[in-house]
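By letter and in written order, the chains are A, B, C and D; residue numbering begins at 1 in each of them.
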């Protein structure tokens, strides 16, 4: 079906394949009157670009965004914002071998099963380049949220066995370390770990974490549209994510209730919690504490070691993947997680504006 | 917003509060011609009823379902199926204290923040009784899937530190042990653990696992509507779930690619995988292996130990929760996980029927 | 598919057949804090009940509504409102003949084609009784709109060739005349016309008109979700409606632009229009003038004259419809049109609350 | 809200303004394996281009479409198809006057009311150029339908008082006459009528009709998603349409039931109807007869006669519209109606594939 649309009011539709002419996104439902230019978006796209260090792919991707519609005299008009990024450095011949066999850990086989055939160049629509549209749209959502006093911030929490030390949390490091870790010591170790993996023609996984700060209480819905349920979907929809946690996540299943409940307490003129095991969401609705989400990312499936597989005729064969591939997805994926989180939060907040009768009477009778 | 509707084609809408007159669900988009009667549904509802053992609440809930529409001469007509369960044993006075203060770990505070007030009786819409509608609808989805050769089966994987031993997996035990564990030895230990928790006026958490067997390859969508993303949402929307894993889940973040990739191999006339770390989904689309999902459930927030909290005026107070509460949610929640999984799988399969041009021409030109 | 759900934020799902146990609706997304009781809704349901005059069916339908959820201490809680109306006077044996043949002008044949079989009792889901859910939900929408200063009012504009005289428009007559005409003289003529039709074992059609007064300017969307497009869908979805007009409707196609354009002019501190050919909507967005919609309704297809048709085996046969049928649908359908209009307007207004950046900052930063 | 997305499974999202850089559409949910190239689409776009005769605007619009994604080796891949048309001949200075006042019959005022400001160049998003995306997507829908044996065909039925004579229906004339009338004699008269209007600095309205032939019975849904309701929305969403009729439409309100009912009769191995007053739809579901829809279009609001209006400060003023404007919208809009109809029909047919249990078992158990 139509799987490339996300959101109810702030609704985005992404398009484009790894080796097509371009990739992009249409944002529909963006509020009118937001100052917006290409730099606002480019800043985010640059964070998902392959870097120059040897832990990310040496591919050169310019990924320059162009605004095609929806902005007039520097402000959003409320009508669809079409954003496009031209593909410039894709070389199709690199990928010709994979047309005839199925790479383990990739979507080649499942695309063939679903659609009857596939655009095999660079993974086609299942390529990580698909996230360009998400990030371009997410940049807009982040800009809106920041004007509402809300900050969304994702970073690398661990790579393989190397974890950041929360005591040394350094926010600035997120944008400057090669691993997007907010801890320079951990970054050093992680880079060494990844270099080792690369030497072994192998790849590594890791964990991303995202914080939403400044969130008002009362946002989200009970039952199926719980805020945590929508965040889980948003984050699990990022390729290679295999688990999503909210707050203390998997740890809660081994706790007693008396350890896990967060006591409420009076705060500065409002109610707060003494702890935040819940990760800022109770009953699917934000409680005013920081929202905490974690995503577990599998190692890049493209490895240079020979692997056993089958060809498209179902016969046993061996594949040796060539080309340019990151030994890890996480450092470039944190901005994708940040964007998917921002898109979810913003859409939920827009929907929330009619939750009470007095909101409607205040809005329409003034 | 309207958070009580789930699904695109097989669409369900649940309603009802803990202490209202009734709870129910409307199933819209159910295919015509399915044999269906109340027993088909009651079987599933009975699995979420509080049992008689001392590990579940001694509340007596009959929870008898009545079909009000959409079935004629024993078959579904294709029009909405309305299912209702009357509330019979709810006693409002049990809950009167909680009107004036916020229970830690519950949605009292967030509901007040969102809606301005709340139905405080038994948690109102945030009560676990809300899942009656999900289970009634899920029973119908399970019946349809079984006719397509697909089995969905959930069970308790662990309670606190007590885990089942996969070597002793006993499917029959799921429906007969007090813990819904498919391992009688683990069940014994878990029951002892829960009794200890109860004696301490405390509660426990656990892990549920769900398997989808017989799943065809090629079901699901790339990008936002990935099958695993929708499963994550479906399962995270169950109250008290704080983490969702697909396949090997959190374990993948510490692996190398060469360990985590599942090699393809020729099977009985079709392509299979030598391992199933991926949990049956690649690129958001089923690969024909068993789909594996796990959910981490927090301890029941209602505990009998005194807890610090605030009242609705924001002043510090202490709460001692009374009444009847399960020391653990998991054993009664496994059927909810099974149902949410089935609803997601079925809806995705229905949407999938127009994925290829030849599907349309075969269907309409025969 | 799931055709029984309507609306984006104020979302309703109706269910029930003519001769099932009950009919009803679930309203999800109703703002919290609205005073609501059964009388608010019964008032609207009573307007669609068959009356006592001989121009409507002598069936006795009590159609008493019961609120099952979503209201606590007299106010809506923001969670789903489930409304039920029990079927009490349906006698299935009246309709047994139609099981084996297709009534002209009815949905018997098309239901069989779509679903493979049908609930033939009283038309099943295609019966006019299906509108009970629409009216019950619409009553809630109307109550909300009235608190925003908006009045929605539908009436019979013509029956066969008998038309109301706008010069004698009498609003009170809508609720008291047998035809729901706001003109007692026209009502007299129309009743005579209908009696004549009934004597001839025949039925008649007519035109309904609906006005939305007090509407703010700026509500609606460009392109596909134009307010007039959604109103057209809402009204065309009422059984037997075969044409929908906005403002001057069909008349515009024979006009010159200079006749049809409505000049803007300064009003009481705001901009108004000197005429209202447009019917209150320009470019899909309300312009602050009265919204005017008309619906053309076909004659009741159930007539007592013998009609030629085929049986379910495709063989030629003759049918003589028995039982109790209105000679005209219009007088009972005006309240349905009013309700569908109100549901559309309210949902559009709720969605509109995030149309501008300053709406968001005003709402979230205060 | 997000008003630029249309469809449930075959889902399109359009974007672009009259004087932006480009306009386009993303088609998501197109079945894989359809042969598709730019010529398939250009053919339809050329039908909505301004012609060379003096009844349409002398603007030169090339409107060349480019496929940016979703097609690989000449076939659709099942992933989003992004189509773009660059704006080349738009000259912004032509439109600078309208920035400061509200054109009667246009959306200038309502856009300002909704969004706080507007892109005033050429009407921005409310321009007829918005339909480029609809037509590009509709061309794809038409191609798919034609492979299922279904033809969608729209034409001009009348212009002002000049109506086509059904006895002289000439299908070829639709694509060759300046008015898109299927009757060359009527075309002559209509052209003269329009030239007269133009000389008077005025504009004219007309009626479009669309036929869907080869439609299988059983497509559509009861209640809110009736096929006719969705067609009404689709067609009413086209700018300047003020009324929509299905089958005999407005005529039915003056008929008796015995005149209006279509008797069923045995056909060539299937059931047909002796007449088609219903226009091919009964109870919201197709009956296998030709589907007939009509749309009444208002005269172009841009006329060269001076008109009274107000400026953006609410003060009285006079406007004399300059530039290049069609004296009638209808001849260029018929292809838009054809496309909106095709999009609606195709989406409904895709959704319909899971209407019965045996459809599912046939599909998944083969």
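Note that contacts are C-beta pairs under 8 Å (C-beta built on N, C-alpha and C of every residue); 3 or more make two chains touch, one makes a residue touch a chain.
Since this is a predicted model, take the numbers as computed values, not measurements.
Between A-B and B-C, more contacting C-beta pairs join the chains of A-B. Distance between Cα centroids is largest for the pairing of chain A with C. In this assembly, the C-alpha centroid of chain B lies 44 Å from the C-alpha centroid of chain D. For the pair chain A and chain B, the distance between mean C-alpha positions equals 26 Å.
For the pair chain B and chain C, the distance between mean C-alpha positions equals 38 Å.
Residue positions 1-5, 8-9, 14, 29, 32-33, 78-79, 114-116, 125, 222, 351, 354-356, 358 of chain C each touch two or more of the other chains.
Interface of chain B with chain D (complex): residues 8-9, 29, 31-34, 76, 78-79, 144, 147-149, 216, 222, 349-351, 353-361, 363-365. Note for the complex: chain A touches chain D at residues 1-5, 7-11, 13-17, 20-24, 26, 28-29, 32-33, 66, 68-70, 72, 75, 77-82, 84, 114-119, 121, 124-125. For chain C in complex with chain D, the residues that touch the partner chain are 1-6, 8, 14, 102, 104-107, 109-111, 113-116, 125-126, 130, 158, 160-161, 197, 200, 202-207, 217-226, 228-237, 239, 242-250, 252-266, 270-271, 274, 278-279, 281-288, 296-303, 305, 307-310, 314-316, 351-352, 354-356, 358.
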